[in-house]
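Each of the next two complexes has chain A plus one other chain: chain B in the first, chain C in the second.
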Partner chain A sequence: MSDHVQEHMLGFVRGRYPDAQISGSDDIFALGFVNSLFAMELVMFIEKEFSVTIPNDELQIDNFRTAQSMSELVARCSPVAASAQA
Partner chain B sequence: MSVLTPAATQEAAAAQASLVHDRASARAFVDAHIAPHANGFERAGLIPEELLAAMGAAGLWAPFLPPRAGGIGMDMVTLGEVHEEVGRGCSSVRSLLTVHTMLAWTLHRWGSQEQRDQWAGPLSRGETLGAFCLTEPEVGSDAAGITTTAARSGSGWLLNGTKKWITNGQRADLYLVFARTGGSIGAFLVPRRAPGVRVRPIQEILGTRASMLAEVSFADVALDGDALVGPGGFAAGMVLTSTLDLGRYSVASGSTGIIQACLEACTDYTAQRKVGGRALRDLQLIQAKVTDMLTDVRAARLLCAEAGRLKDADEAATIIATWIAKYFASRAAARHAAAAVQIHGANGCGPDYPVARYYRDAKVMEIIEGSNEIQQITIAGEAYREANS
Partner chain C sequence: MDVMGVVGAGVMGIGVAQNLAQTGHEVILVDKDEATASQALVTIRNNCRMSRLMGGPALDPDEVLARITIGAGADAVAKADIVIENVTENWDIKRAVYEALDEACQPGTIFIVNTSAIPITKVAAVTRRPAQVVGVHFMNPVPAKPAVELIPGFHTSPQTVERTRELLTAMGKKAIKVNDSCGFVSNRVLMLTVNEAAYLLYEGVADAESVDEVFRSCFGHPMGPLETADLIGVDTILYSVEVLYEHYSDSKYRPCPLLRQMTDAGLHGRKSGRGFYDYTVSRTANSKESTNV
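Then we have the complex of A and B:
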């Protein structure tokens, strides 16, 4: 599940920024990709793609830094994902 | 257990039936309560309280809220259609609806349960009217450059700054104010009656002259800790982005309404007005203008519907789709309003026809919720992304 989510997230970022050379552990903020428009699209994509609702207290920058951290966020927000990982 | 009497059931059904719930009911409401009086609203520079109350009774203020919050759970496609119809009747009324929608939706999307419990009911009924406060005297498109500040003060906040060109600033009861909070921007709910809030009406304005614009200043306004809506820090920009997205959708829909209004005014006028013994409608140069109006209103409507469909599907692509819809519809509205005035000749410049108002209002649509030039930057960026993907 974790790899699956990471690949989806990387695919989304690459879709928006085709020249991006990123891996699951790269900090997308440090690479200069993120503005408020992209951040909003990112949150909408995660919520739609993985059928989760991200509560306000999870909307922290560290949860969106890497594909890996976003994968962990999805796991926390989704009972299905959490049980699949257990 | 309570059982409704037949009379009470009938009354409830009648109340339900009088609600605006789709394009047809919105059109009927606009034709009865708004369009015939819109030139008068413009001359008076305000929307009468009776109409604001009637809009509340019709459930127009926040129908997208779920029933438990006072709405009817209206989907975004239908909401766009309703805002188009209101925009067809009067852009000033639609402007009030837009900013109220932005506040109510932001509260629904980002607010805490306590904030929703406090405000959703009055907002849905129009007992509390909302306004959106972002623009400042020295800051327009550069939202990141706002200077209004919200500083921590004990368990609450202290708000200082000035906002300008605030739609419904004169009449709104509750402001959604964007302010700097250290290194970020936060959205704050500020009651108009809070000590330190000062409202200065802006009377002279090119278009949407009845939208009760104001400059609103905040001098050491003390706010409770729960005045902040949504997350702070990194995610705070999302609150602004999503709020503007919905405002842009409403303006796109309203601009479509202006095109439709131009079309209806021009087909009506040219069917009656004669030149050299022939109706204007028989002239091919008139037909060319009317053809472009009809073509563009349908295209604008489709773009708005697509943006709305993507919103209903929670698709991230709605943001760009909304930019495109607003860009197309606002430019087309300005173009066709100019043509409508031209078709009406001197009558188009006077107060006896609605097209001069459409012309003034349409120009505003090219500036608010993202000027055309800002939109071109964003949309061109999307074009290059798509080309490279």
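Then we have the complex of A and C:
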């Protein structure tokens, strides 16, 4: 699941920025080719693509820095993860 | 506590209403119909959620929205102490709005003209309260931008300027005072830059991405002029350039035909999903997504 999400997120970022050489652990904000407006697009993409609602307190830039961190975020927000924690 | 009327629930009005509400002000947000104002609340809720991502404070959307009521038409802001107007940068539209506001509002109400280009003295002249009309050029996105241009008109009283400065301080804004002149400082420069960038694309000198890349990589700007145009709204850019052109009667402000064509075609930028760039195509598609205009 997490690899799948990670690849999906990398595909999304590469789709918008084809020249970017990025891997799952690269900080896409530190690389300088995305800005905070793109972070909003990431939120909307994740919520639509993985049918999750990201809680407000998870909407912080650190959760969107890498494909890996976004994959972990999706895992935390998915219904399966929520019920497993309950 | 003063009641703030925000007229116009487009990109700027939404930002102003949110900024006021998140800094503790009671806001009445109006547009020509209630459905538009109602839709604005959905956008504000979403923008509040995204606040921290945009480098702003953590916001509770419910708390912010609880301070905003919506309505339709000038009468809905009749009890406001200060009205901030954010309608389209089109003189005929603005004039009609100010005539209606002047009728509807209390004599003591201050009118703040949120404009990027229209002279404040000209707006003040259609009201019976020119001493209480002052310009503030808010930047987009309003809650995230730390400064504004503050523009007194010819008749604006020092009290009006001072009261407006206090409000701006309470909103977290630094006010940079400049004199009344069409386009003020910011748009005399910015609109010409965007217009010229559009000409570069129109003439085939460079594609949109290359134009923006020069500004980002060579000049260190966070965004290029065409990305900026998509954020502001291509239609708004066109109207602003037209206002400059009409006001100065100077051909250096002639609007690029591409801006007019894009406006007619509904390519208004981020708010419509497509402008110089396409924000609607599949995000996983392996394309640059520059709009082929």
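The working rule: the second predicted complex is superposed on the first by the 80 of 86 C-alpha atoms of A that agree within 3 Å, B and C clash if a C-alpha of one lies under 4 Å from a C-alpha of the other, contacts with A are read in each partner's own complex, and residues count from 1 in each chain.
By our rule, contacts are C-beta pairs under 8 Å (C-beta built on N, C-alpha and C of every residue); 3 or more make two chains touch, one makes a residue touch a chain.
In this text, all values refer to a predicted model and were calculated from it rather than measured experimentally.
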Clash or fit (per the criteria above) of chain B with chain C on chain A: clash
Contacts of A:64 with chain B and chain C, given as first, second, both or neither: both
Which of chain B and chain C A:47 touches, first, second, both or neither: first
A:11 touches, of chain B and chain C: first, second, both or neither? second
Partner chain(s) touched by A:23 [first = chain B, second = chain C, both, neither]: neither
Touched partner set for A:36, first chain B, second chain C, both or neither: both
Touching partner for A:56 - first (chain B), second (chain C), both, neither: both
Residue range of chain B overlapping chain C upon superposition on chain A, of 110-118, 272-280, 308-316 or 344-352: 110-118
Overlap of the chain B and chain C footprints on chain A, listed as residue numbers: 15-16, 18, 35-37, 39-41, 43, 45, 56-57, 59-61, 64
Chain C contact footprint on chain A (complex, rising order): 8, 11-12, 14-16, 18, 35-37, 39-41, 43, 45, 56-57, 59-61, 64
Residues of chain B that touch chain A when the two form their complex: 110, 112, 230-231, 233-235, 237-238, 240-242, 245, 313-316, 318-319, 378, 385, 388-389
Of all residues in chain A, those that touch chain B in their complex: 15-19, 35-37, 39-45, 47-48, 56-57, 59-61, 64
Residue ranges of chain C in contact with chain A within the complex: 49-50, 52-55, 58, 60-61, 222-223, 231, 270, 279, 282-289
